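Letters A, B and C mark the chains in the order given here, with residues in each chain numbered from 1 onward.
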Amino acid sequence: MSLMLEQVQLGYGGSTIIEDISVVIPDKKITTLIGPNGCGKSTLLKSLAGLLKPMKGSVSLKGKALEQWSRKALAFEVAMLPQKPTAPEGICVKALVEYGRFPYQGILGGQSQNDKDVVAWAMAQTGISELAERSVNALSGGQQQRVWIAMAIAQQSRILLLDEPTTFLDWGHQLEVLELLTKLNLEQELTVVMSLHDLNQAAQFSDHILVMEQGGLITEGSPADAISPKILANVFNVDADVEIRGNNRPYFLARGSIQAADQNLLAGVTP
Amino acid sequence: MRLNIHRYKVIYGLLILAIASGLVCSLIYGAATLSLDQVVHAMFSQGGEHSDRVVWNMRLPRAVLACLVGLHFALSGLILQTLTRNPLADAGIMGINAGAGLAAISVVVGAALLPFGSGIYSQGGQVLTWLPIAALTGGCITAILVYLVSGAGQMTPLRLILTGVIFAAVFNALATGLLALWGQAHTETVVAWLAGSLHGRNWLHLWILLPWTVLGLIGVVFCLRPLELIRLHDDQVQCLGVNIRFWRLVVVLLATLLASSAVAVAGPIGFVGLIVPHIARKIAPVSFKQQLMLTGGIGALLVMTADLVGRVSVAPFELPVGILCALLGVPAFLYLLRKNP
Amino acid sequence: MITVHNKKRALFIVTLSALIPVLSLMVGVEFLTPLDLWQLITQEGDRVQRIVFWELRLPRILIACFVGAALATAGGVMQGITRNALASPDLTGVVAGSSCMIVILTSLFSIDAQWFPLAGISGGLIAGALTFALAWKNGLMPLRVILAGVAISSVCIASMTGFLIFSGAEAGDLFFWLAGGIAGRGWMQLEQTFAWVLIPLFLSILLTQRFRVLLLDDAIGQSLGIAVSLWRLIFMLLAVIMTAGAVTLAGPVGFVGLVVPHITRKLLPEQSVLWLPLNALVGSGLLLGADILARLPILAQEIPLGVVMSLIGAPWLLWLLKRQYRTGGV
């Protein structure tokens, strides 16, 4: 059974951010959350990682609510990369990746041969083996992101959650990270759930899309099904052309933003 | 890597050498300077001559105690800085020293004022034995209060420090007031104690502190891994299977235990916990384990040296070690404050 | 902006501030009824009561009023001109600096009490200037000011303790003074110091129009043709002088300067012309109240004022912090 939310309401303190969402995250697929800023993407990811207890409803994995999992048992299932991870000052790449093995070690530490092999594997997968002794803070943004992903996959969990993994990267590095995630998904059967801002990247690299707006789920499905011009107009206030390219991936070209006054009109006109 | 290991060997060698020579100097110098022969004689034949007693009963326990106290404060500082991810945290800034001190003072003053009290601090062994426990209770209550007021689960390092500073101010004012209430006869003892002093400490004090040192060190070993991880983003830490709320509390209590027990025997010595971890981080920027060990060693060295300087510089008077540490530590603190965004 | 609700509150506070001095005159080891007070003022009463009233209570109450008014106004001024809700004479090291200089000069040169205000002012100025200079980095962040204040206070307290230890016989007296108290202060101390408290207090209230401009954005102030930096400096000087005067009179009493401006902001907007005077009023009321508690015959001796103020101020402060955190202020 996969990771799923049933009629979940989420929020911090007294304020509600997400009202009543039910989603099943498809196993061994890449799922992407899209939606405007503040629509609750990060909140949803947090609850999927068991970091935020739902106010109502339940988030469950393998049919068991996340609250009932011990943190340690959950660590074998779900890894998460927050939007702005912070590396301890002066730490080197290898040491940071080794932290990913924490759930497998006793309280006093001590690495087994397996731990060392997995760390080496994770660094090779992400192409950072040569950087092993470098200080993390001295690396470029793209390299740092790969180090964080290496740490997350060294955890060898089945599900990897990433909160806007491309936000602080330039174009080339964005693609690099997304290609890496696709490779891990294909070769390791890793389930990936992430939030992205770039719709074309979301369409190109995901199997499943969740469109969110103001704490609600608007629609979900394959990229071509989920993102239509109407959705783009309603959710993002963007007037865009959609072109379906090879392997049924849509491509979007914005014509311009829509002012609120035009929106009702547009919603009526466009099919 | 191999080069690094060699480098550490040299550094540890130097540190041990420095502590050893500091210890020897502490035995030789003081109100009266002894010869090395006299010191050696004292170490191997207890009792006997006057100089033997000075070395064995006064200078030796005091120097060792200084080392332990330095170790306590420095380690608690490193732990708190790691926990709050803020290079300006330490037990003094966060109010723990003040809370521990207030509790200890309450016990002493209580014992002196209440009819069944068994005498004052400097004489009563019985009161003394209870001091670490009182200080620990005070320190823990303060730590928990500071933790709760700064928002418990949702606390930010910034809030933690701000709340701590204010608690420290409150408790210091209360402690000063309580002592003023106690009366003027004890002013000198009390003023020195408030500043943090090792004057007149002997084997008894050492034996009282030692169990807490052992307990604290064991705690440090067990908290090492979670502490390393706590330096990452909260969400990541939890996804690595660490119950962050639990460990935060454990780690705060560990730092409190270390600082409070030291406060109980030496008074609140500030700024050791603040600057020593920075020196350690400069020497060992990568490995947290090395940072911990270096912090302990340098803390011991610093307090022992400061105590020696305080004893010798204005003899026959004594400058409390806490004053020297503050005068040394504050410029370093201000430098860090300027440097950090 | 003064709503009816606020008016009621303000009326309550003002009435309270008027009642507290009367209460303060009554309470003590020797209890005086209102009737006694009336007799003492209008005609000659009992001899003991007269001494208690004229020589002990009255000067003490005046001192408490001055100290409270000075510290509260200084706190309000500091918070206003630094636009920092946590700036106050005690947290910025001004109080510690004043006390430190007084202790050092007393133990080194045994200076006479009449020089205390000058010593206190110079110490407070140095400490305050250092704190703000060190905390300044593209503006004054609250946390930086507090941390720099802690550092400067620590140096002052450390040096002060060092000198206390060597000052021998005087240490006891100085120590009680350091605990913050106005026990045993009389007309003499008041005479020596009152100018140092009252003149800057009145000046800052007179100049309140300038103060209101400083509360605004720097650019606005400049466009109104006011030398913002200069006036900020002047107000800071006034605040430091007031504080030093208060410290001379009562020792380092904490929390008044921090807490009172937060109370008065609930009653009047900072921008109001009456805001600074209101600080003075509430401050003196608060300190008088604390002083009444300090000399209630609970223990064999008086409780130092600093202790009472901490006990009153601390919960207030925590509540304040908690609220700031909740609203995301810090």
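Some notes on this structure:
We take it that a residue touches a chain if its C-beta (ideal position, glycine included) is under 8 Å from a C-beta of that chain, and two chains touch if they have at least 3 such contacts.
Please read all numbers here as calculations on a predicted model, not as lab measurements.
Taken as a graph of touching chains, this assembly is arranged as a line, each chain contacting the next along an open chain of partners. Counting C-beta pairs in contact, the chain pair with the highest total is B-C. The chain with its CA mean position farthest from that of chain B is A. Chain C has its Cα centroid 55 Å from the Cα centroid of chain A. Centroid to centroid, with C-alpha atoms defining each point, chain B and chain C lie 34 Å apart. Separating the centre of chain A from that of chain B, both taken as means of CA atoms, is a distance of 45 Å.
Residue positions of chain C in touch with at least two other chains are not found. In chain A, there is no position where the chain touches two or more neighbouring chains simultaneously.
Chain B makes touch with chain C in their complex at residues 88, 92-93, 149-151, 156, 158-159, 161-163, 165-166, 168-170, 173-174, 176-181, 184, 187-188, 190-192, 194-195, 270-271, 317-320, 322-323, 326-327, 329-330, 333-334, 337-338. Here chain C touches chain B in the complex through residues 86, 90-91, 134-135, 137, 142-144, 146-148, 150-152, 154-155, 157-159, 161-162, 164-166, 171-173, 175-176, 178-181, 254, 299, 301, 303-304, 306-307, 309-311, 313-314, 317-318, 321-322, 325, 330, going by the rule given at the top. Residue ranges of chain B in contact with chain A, taken from their complex: 1, 85, 221-222, 224-226, 228-229, 231-233, 235-236, 238-243, 281, 285-288. Of all the residues in chain A, the ones that touch chain B in their complex are 46, 49-51, 70-76, 78-82, 84-92, 95, 99-100, 102-103, 105, 107-109, 133, 135, 155, 161.
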